[in-house]
Amino acid sequence: MLVAPSLGYLVLSPMLIVFAGAVLGVLVEAFMGKTHRAAVQFTISVGVLLISLQQLWRIRDISSTTAAVDSVTIDKAGIFLQATVVLLALIAVFLIADQDNFVAQASAVPGSNEEAIALQQKNQQTEIFPLFLFAVAGMMLFPVATDLITLFVALEVFSLPLYLLAGLSRRKRLLSQEAALKYFLLGAYASAFFLFGAAFLYGYAGTISIRGISAAAGSANDVLLLIGIVFVSVGLLFKISAVPFHSWTPDVYQGAPTPITAFMAACTKVAAFGAILRIFYVGFAEAQTLWRPIITVIAILTMVVGSVVAIAQRDVKRMLAYSSIAHAGFLLSGVVALNKDGLAASLFYLVAYGLTTLAAFGIIGLVRDSTGEVTDLNRWIGLGKKSPLIGSIFAFLLLSFAGIPLTSGFIGKFAIFSAAYQSGNIAIVVAGVLSSAIAAFFYVRVIIMIFFTDPVNDSVSVIIPSVKSKISISIATVSSIVIGIAPSALLTAANNFANFIK
Amino acid sequence: MNLLTLVGALPLVGAALIYLIPTKDSELVKKFALLVTSLVAIAAIFLAVGFDKSITSLQYAQSYSWIPTFNINFALGIDGISLVLILLSTILVPIVILATWNESEGGRWSVKTFYVLILILETMMVGVFAASDLFLFYVFFEAMLIPVYFLIGGYGTGNRSAAAVKFLLYSLFGGLLMLASVIGLYVIAGNQIGATFDLTQLATLEIDNQTENFLFLGFFIAFAIKAPLWPFHTWLPDAAKSATPGTSVLLLGVLDKVGTYGMIRFCLALFPDASKTFTPLIITLSVISIIYGAFMAIGQKDIKGLIAFTSISHFGFITMGIFAMTSQGMSGANLYMVNHGFSTAALFLVAGWMMSRRNSSTISDFGGLQRVTPVMAWSFFIAGMSGLALPGLSSFVSEFLVLVGTYTRYPVAAIIGTLGIVLAALYILIPIQKTLHGPITEGNENMKDLNLREKISIAPVIAIIVVMGFYPKPVLDLINPTSAKVVVDAGYSDPIAEVNK
Amino acid sequence: MAIANYLYLSAILFTIGAIGVVVRRNSIVVFMCIELMLNAANLAFVTFARINSNLEGQVIAFFTMVVAACEVVVGLAIIVTIYRSRRTASVDDASLLKR
Amino acid sequence: MINFALDVGTTAAPESYLFYFLAPLSVLAALGMLLVKKAVHSALLLAWVMVSLAIFYIAQDALFLGIVQIVVYTGAVMMLFLFILMLVGVDTSDSLEENIPGLRPISIVAAIGFGGLLVTLIGRATFGRPVTGLAAANSEGNAFGIAEQLFTRYVFAFEVVSALLITAAIGAMVLGHSQKTRSSFAQRDLSIARFRKDNLKDAAGLPGAGVYALHNAVDVPALLPTGQAAPTSISKVLQARGDMIESATFQMKSDEEEEK
Amino acid sequence: MPTSENLLWLIALPLFSSAILLLAGKRANSWGHVMGTIVSASTFTIGLVEFFAMQSRPEESRAVTQKLFTWISVGSFNVDASLLLDQLSICFVLLITGVGTLIHVYSIAYMSHDLDRRRFFAYLNLFIASMLLLVLGDSYLNLYVGWEGVGLASYLLIGFWNQKPAYATAAKKAFVANRVGDVGLSLAIMIAFATFGDVSFAGMKENVDQASSTQLTAIGLMLLLAACGKSAQFPLQSWLGDAMAGPTPVSALIHAATMVTAGVYLITRSNFVFDEAPIAQLMVLIIGGITLLFGAIIGTAKDDIKKALAASTMSQIGYMILATGLGPIGYAFAIMHLLTHGFFKASMFLGAGSVMHGMKDEVNMRKYGGIGKFMPITAITFGFGYLAIIGVPPFAGFYSKDKIIETAFNEGGMKGLALGLATLLGAMITAFYMTRVVILTFFGNERWGHKDEPHESPALMLIPIALLSVGSIASGYILSRGEALVHWLEPVVNPLKEHHEELLPPIVVSLMTLGVVAIGVTVAILKYRGVQADHAPEKVSVLTKAARRDLYQDDFNEATLMRPGQVLVRNLLNIDYLVIDGLVRSVGKVSVTAGNQLRTLQNGYVRSYALLMVIGALALITTIWVVTA
């Protein structure tokens, strides 16, 4: 006889609320008239995320390993990561809901009559909202999943909507679709690796729960564990775009609609790093001799390659993509640190980086000419003259990426490198510092273009941001500034929440 | 409110207030900036008045918790060395503002922005010298780059953005190396005595040799770039050539001092053993800087480049004095920092006036100025004489102290360094001959002499240069106890002990 | 015969799938190769379930099938969209985004 | 030395015959997927691999999975693939020439290295625990065992998969479904429209494709009574795709041309 | 030691006067020269007051000091700004202020047509102040301030007419050459501090027995280098000829009477060092000997009257330096020659200035001739100076030079012989070239080639010349009477040292000297009597050519220092750009290139991305396996 399992609905509620919101969104798609759909969908998304956030606040002191039998562990770090995802998503949703970002009719062939008519009718694919909420839900599940299958399912739950969303850009649709295809094919490829690795971990431990894997350490020889760790890592490293599994990042970041890029860059990183941290800290901690050296190497490679290649970029979205690769390298040093400080630092870094990234992509969304967004760096020349505020904010964000003191990026870097140093990984600190120097080069170059070069004739016009974009960008920027100058609240929080139940 | 905090915060408040003035009313902006910075200078002088020379511990000390997670405190406090540098910075700023009244107008941005940047920079300068928390120092050290970067890039001349970038990247590179060392130190502190950034506590750490050497290098390279020491100097001439004269004054006169200040405050205090290990190397680099900078200065065709290279030579003296590890060398180096600040300020300001009148910075474009613009020529001449350390002017005292202090420990270095004074004569007299002497070059016939504003602004600098040449005692009294303490703390004692008289 | 042979088979099929993704240009074939990889993983799961004497592996394999089905739907939808826009199913033609 | 002996027990002889028969075939089929030109052949070969795997599942006490493999995978998923292949053009064939320089040799080396390494590593694995088989787990039937796991231990994942299904559905709909941008024309509307045109040439309806053609095919234009070809007779879809044969070849030749 | 409050005023008065003249600008044009002269005269008065006060005190308490303030005090390095007036410095004070005042007076007339006369007086006062500081400073560091101060004043005055590039260059050359000497002084002070922990004369003298002879030799050699720079001694003598670019009063005051003799002062002041450092002392002798011949030889070939006189100065200072190398007695004779030389050389320079004044600033003696009858006073006073310098009794030079030659011979042995012969030879050449100057200028045919006849200078110029002539006639006798100066200086120059035995009776030396002088004069008269051309002959001996080119000193400097220096600078500029900055730039370039190269991996093909992932996974497994196995 089957015994009905009991689920801890309270602690699962933040996720379930988002799932419910997504389903509600689907229903709205089915039964709601076209005219108000977008507004309703937006309201649902915001509301759901807010409720979820409030729910997370309520359960902040609760922890449970049996919330969903054995599939989910709600612990301090898990709640922090979920809250981060929700918060960033909440900011991102304002960008997503802003005008003119998504395709009018995805099924219409680009350039066709049908598309023209759809555009004329000011149609918009409002399905993006439920898809977005599904992705958020998946991202919330990903860092708290404690068995490989839930992990895999969560991975797919947030990946599939992203594949789709990447292809739904309103303009430059061929590029957008290509981004979707690339993202999808490579994502599925990486999933296959992940699954294959999961199989070997299962073979090694006889169970797929990551606690079980940790407990099984030493039960058999390491070969299966080795294969398992490597292949599971490939799947996860792909998601955080670590070198050499990073190739999709620039292409997809460039092709996807900018708000989605923002969302992807910020939230996927949080979710994926959450999962990586949990797996490596909880599941593979006993096998650290196996993976720490290579993750160290990958971290260094990622920092260096990300920084170096970014120099050669001519497109601002691609440049930020490479910057995000470099940041993944920095974040990996938090993984390698394998201590509480490393975890706390990573949590802090994720929030700081997420906010900055959202704001940066938000601004990219504002820089447009008659044909849509302008991402060619050469046409950003003189932006600071044209629109000093936008230029200054962007410059500030770049400085934050570069890790100049008094920005959140600096505190993050400091925290994460001290954790890495603490754990004895001095090489990673040195490499991090040097690649930061390289990275500074291209951030500074963009600042020059914005401020120190005279605008040419066909330069861009910055649109006056709508209220939604304003809200989103200003919240992200202001919190980024605050975190930079007075980081102690967030640091304390990160420290308090830096705890995985093993 | 602590007076030190006041000195540091006042410019920032001023910057905020300036922001409220309408952009168009640029004269009001300038006047207000001048007022604020003058008040700061006065406050700084009160700081010196209230300073107790007899104790070597930090004064005006205060500490507020900033980032408790890392035990980072907003801790300020000054000793003699910091005090004189704060005085230097705060006194120079109003002078620069007055002297370069119109320099902000040709910039990429508004006059208002210029002064906001200057005021922010002043806060950073005070902060960097007053910080007694390593992390806080680092924050000021790095954040200071940003206003300078915009000042060079936004208001400079020539290839300004390239120069600004070079400056920024060099400094960032050094800063990041230092960051690695800061992190290392923090972690080691965490393992030994609990996480802290307090300088006095950090100085008590026991670090194994190899680690100490690496940490030392991280700090030292950052400071050597800032200072700038050969071969980390190539950013300076470019930056100085592109920056406006006022910015150059702040850049060479004050900002670069952060490098040498850092060597004393951090390299020596935190890593005495490593300092000992690297001293021969550093002394060598200093000597190379002295000679190399001088030769390069001789070869310059651009007046700003010339001043920049003379500074490189002078910074060689300063680092040599610091690492000679004698009280004479140390005090001399400290005094040199102040003196170099003022004499470079004089040189750059006058050169700036010359250049703006002629619209050129090429030395050969000038000639016969002594007869056309005698006051300007004399100002330049005196500044130049201070640059070549003529006895009776301020630089001489410090240069000689450095040389004497060095000789007692490293005679060869001192001897080679002394040869630098011949080269100094060349690099100062050649441009003086070309600009002030000889027939009046075409285009200079109707050049205007200094106006009242310019005279008022240069007069105090020249007065300081002359007075400090004959009577450096007040400043030396501030410096001496601290430098003696630095030498002792680094584990050295003077080779020539006190003679009983 | 050793049970392990199933694992070898799984590894070989996985490798073939992985390389198929690299060498084939038709996006549908590429996608099929990914399915082959998933199947290889499933075989490993089932075999390990047998070795470990529990059914977890089989459950996972079941999940994999479901997930794969969803993935196929989404993937094919994307491929069809691209095909409609470009009239080609070759992955090489989708290479505007580069450098 | 590579040690291929993995200490996880052995199978009964019939199973080994089955394995030795089917495994090489499935490997060949998988390889074939990479080598055949036509996508549809690849699909069929994959189907073959999947069926083989289903048999292996059943052989390995995973009856339920074996069935699901055939029903869901081979049945549904592969059909979906084939369907799309049809849509894309069933006989479009892949050129097997490589146009990315250096890719092929590297990938072959990588493949050999990858496979070889995996096999080597698996050969070195040890378990250190007895293999008792699934008899106990399957005591109440394989399906029951799986169901028990699915609805108790993995119930959350099971529920979450629903999100995946919804996502897939939405995705397919968004990308595939044309929202009607206007109400569709009924026959009546079309007829009215025809008569409202400037001339009544098309009033009688368009000629059916291929009616008068030498070739009886949809991609050949009809010949009008005048002997001229009528390109309008071909479906717009085919026109748009360009899958249309030049109608000139089918025109009735004029007398003068005959004589020549 | 008694103190005196007056010493500060000696320096402060001219210093303030100078500052006022410079700051007041054109407003002071009308009274600037008067104030300058009055100030100079008042310093002379103070000097006299001090001198008589000193004379009235007993010998052991004649020196007075005045501590002004603590100048530099760091650790054990303590230097007070304090002044010392002793028997040695009072000689200089009187010479400087006395001759200085006369030259101020002279300049009022000489510079009357110059628009910048006020500035000239400002510089002169600055010079007086610096020079007084030089001789009054009680430590080497204080001396150093005056030392460089006179260098600065000299620089300003040589370059007074700096609108002429050549003059500006001459000024720069003088400063730089002086700076080379200053290196010596700097180093001497450093070594002194490292040795004694003190840099004051008194402190060092007290502890001189504690220092090793190596240290003392080092200090001595460095001081000698300093002296060479300031006193235009070989090998740093080349600037002096060019320094004649300055107005003639400057040449008289600075480059004849006072500043260039500072080297002699320095060595005399440092007698306690040199007496214990025989090697350094020997070097002093050698340098002095070389220079006295060097200068004399150059003097024979110069057509520029001022340059001829400058060469003569060089040579005469060579005598003095040589004398200081001769030990305790030598110091006194050096100072004596210094004082007499101050008078007669100043008078001759002023005379030359007077000639130039009458000849429209013509300096080429080949364009003179027969001026004596147009400018009789100038000619007569010049004649006194001439007689003094060639050492005709009873003129001043006879007493002082003769003593030096005598003391040189008294050194004994080969050393004494060599020195004696060198000084004798010097005397002969001196007689030759001075006779040449006098004949070419005041006698013979008139060669100036224009109708304006030379005219005598105004009284304001002639009076100082006359007064100086009196000095050149009488000073020798006064100073040597009863060895007045020698006794006066004894407390300073270490009287404990006993005299050498006299190898030759003084009368023999005097006769020998007079003999060679007669030879020199005769040769010159033979050579330059009769009609002379108004341009220098082209076909001359190699020696003459060499002498005309200052014995190739400038060429040598140019070839060994300047040219290589220029090449070095040029190369350094390139190295800095290409190598040092280039390295930095190449780091940037490498990054950019690497970025571009890696960018090509991002070729847009999904399949190659996938391949990269496969390779990545393969690498991961291999690495772990290799590392852990």
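The first chain written gets the first letter, and so on, giving A, B, C, D and E; residue counts start at 1 in each chain.
Here is the rule we go by: a contact is a pair of C-beta atoms (placed from the backbone, for glycine too) under 8 Å apart; a residue touches a chain by one contact, two chains touch by 3 or more.
These figures come from a predicted structure and were not determined experimentally.
J.: Please report the smallest number of touch steps linking chain B to chain C.
T.: Contact-graph shortest path, chain B to chain C, evaluates to 2.
J.: Give me the set of chains touching chain A intersected with the set touching chain C.
T.: For chain A paired with chain C, the chains in contact with each are D, E, in label order.
J.: Looking at C-D and A-E, which one has the bigger number of contacting C-beta pairs?
T.: Per the contact counts, C-D leads.
J.: Starting from the Cα centroid of chain E, hunt down the chain whose centroid lies farthest away.
T.: D
J.: Measuring from CA centroids, which chain ends up nearest the centre of the complete protein set?
T.: B
J.: Could you tell me which chain lies farthest from chain B when each chain's centre is the average position of its Cα atoms?
T.: Computed centres place D farthest from chain B.
J.: Nearest whole angstrom, what separates the Cα centre of chain B from the Cα centre of chain E?
T.: Measuring from centre to centre gives 37 Å for this pair.
J.: Averaging over Cα atoms per chain, report the distance between chain B and chain D in Å.
T.: 73
J.: Using mean CA coordinates as chain centres, what's the chain A-chain D distance in Å?
T.: Result: the chain centres lie 33 Å from each other.
J.: Counting only Cα atoms for the centres, state how far chain D is from chain E in Å.
T.: 103
J.: Which residues does chain C have that touch at least 2 chains other than itself?
T.: 7, 14, 17-19, 21-25, 30-31, 42, 47, 49, 51, 54, 56, 59, 63, 67, 70-71, 74, 77-79, 81, 91-92, 94-99
J.: Multi-chain contacts in chain A: which residues touch at least two other chains?
T.: Expected reply: 106-107, 149, 153, 156, 160, 163-164, 167, 181-182, 185, 189, 193, 203, 206, 226-227, 250-251, 312, 441.
J.: If a residue has to touch 2 or more other chains to count, which residues of chain E qualify?
T.: 588, 599, 602-608, 610-611, 614-615, 617, 621, 625
J.: Which chains touch which?
T.: Result for touching pairs of chains: A-B, A-C, A-D, A-E, B-E, C-D, C-E, D-E.
J.: Under the stated contact criterion, what part of chain B meets chain A in this complex?
T.: Residue positions touching the partner: 65-70, 108-109, 135, 138-143, 145-146, 150, 153-154, 160-161, 164-165, 168-169, 172-173, 176-177, 179-180, 182-184, 186-187, 190.
J.: Can you tell me which positions in chain C touch chain D when the two form their complex?
T.: The touching residues are 1-9, 11-20, 22-26, 28-29, 31-33, 35-36, 39, 42-43, 46-47, 49-51, 53-56, 58-59, 61-63, 65-74, 76-81, 83, 87, 89-90, 92.
J.: In their shared complex, at which residues does chain A touch chain E?
T.: Residues of chain A touching chain E: 181-182, 185-186, 189-190, 193, 222, 226-227, 229-231, 233-234, 238, 243-245, 247-248, 250-251, 289-291, 293-294, 297-298, 305, 308-313, 438, 441.
J.: Can you check the complex and tell me which residues of chain D touch chain C?
T.: Residue list for chain D touching chain C: 4-6, 8-11, 13, 15-16, 19-20, 23, 26-27, 30-31, 33-34, 39, 42-43, 46, 49-50, 53, 56-57, 60-62, 64-65, 68-69, 72-73, 76-77, 80-81, 84-85, 87-88, 92, 94-95, 98-100, 103-104, 107-108, 110-111, 114-115, 118-119, 122-123, 125, 127, 131-134, 136-138, 142, 145-146, 149-150, 153-154, 157-158, 161, 164-165, 167-169, 171-172, 174-176, 241.
J.: Spell out the part of chain A that touches chain B in their complex, as residue ranges.
T.: Of all residues in chain A, those touching chain B are 344, 385, 388, 399, 402, 404-406, 410-411, 413-415, 417-418, 421-422, 426, 429-430, 433-434, 436-437, 440-441, 444-445, 448, 451-453, 486-488, 491-492, 495.
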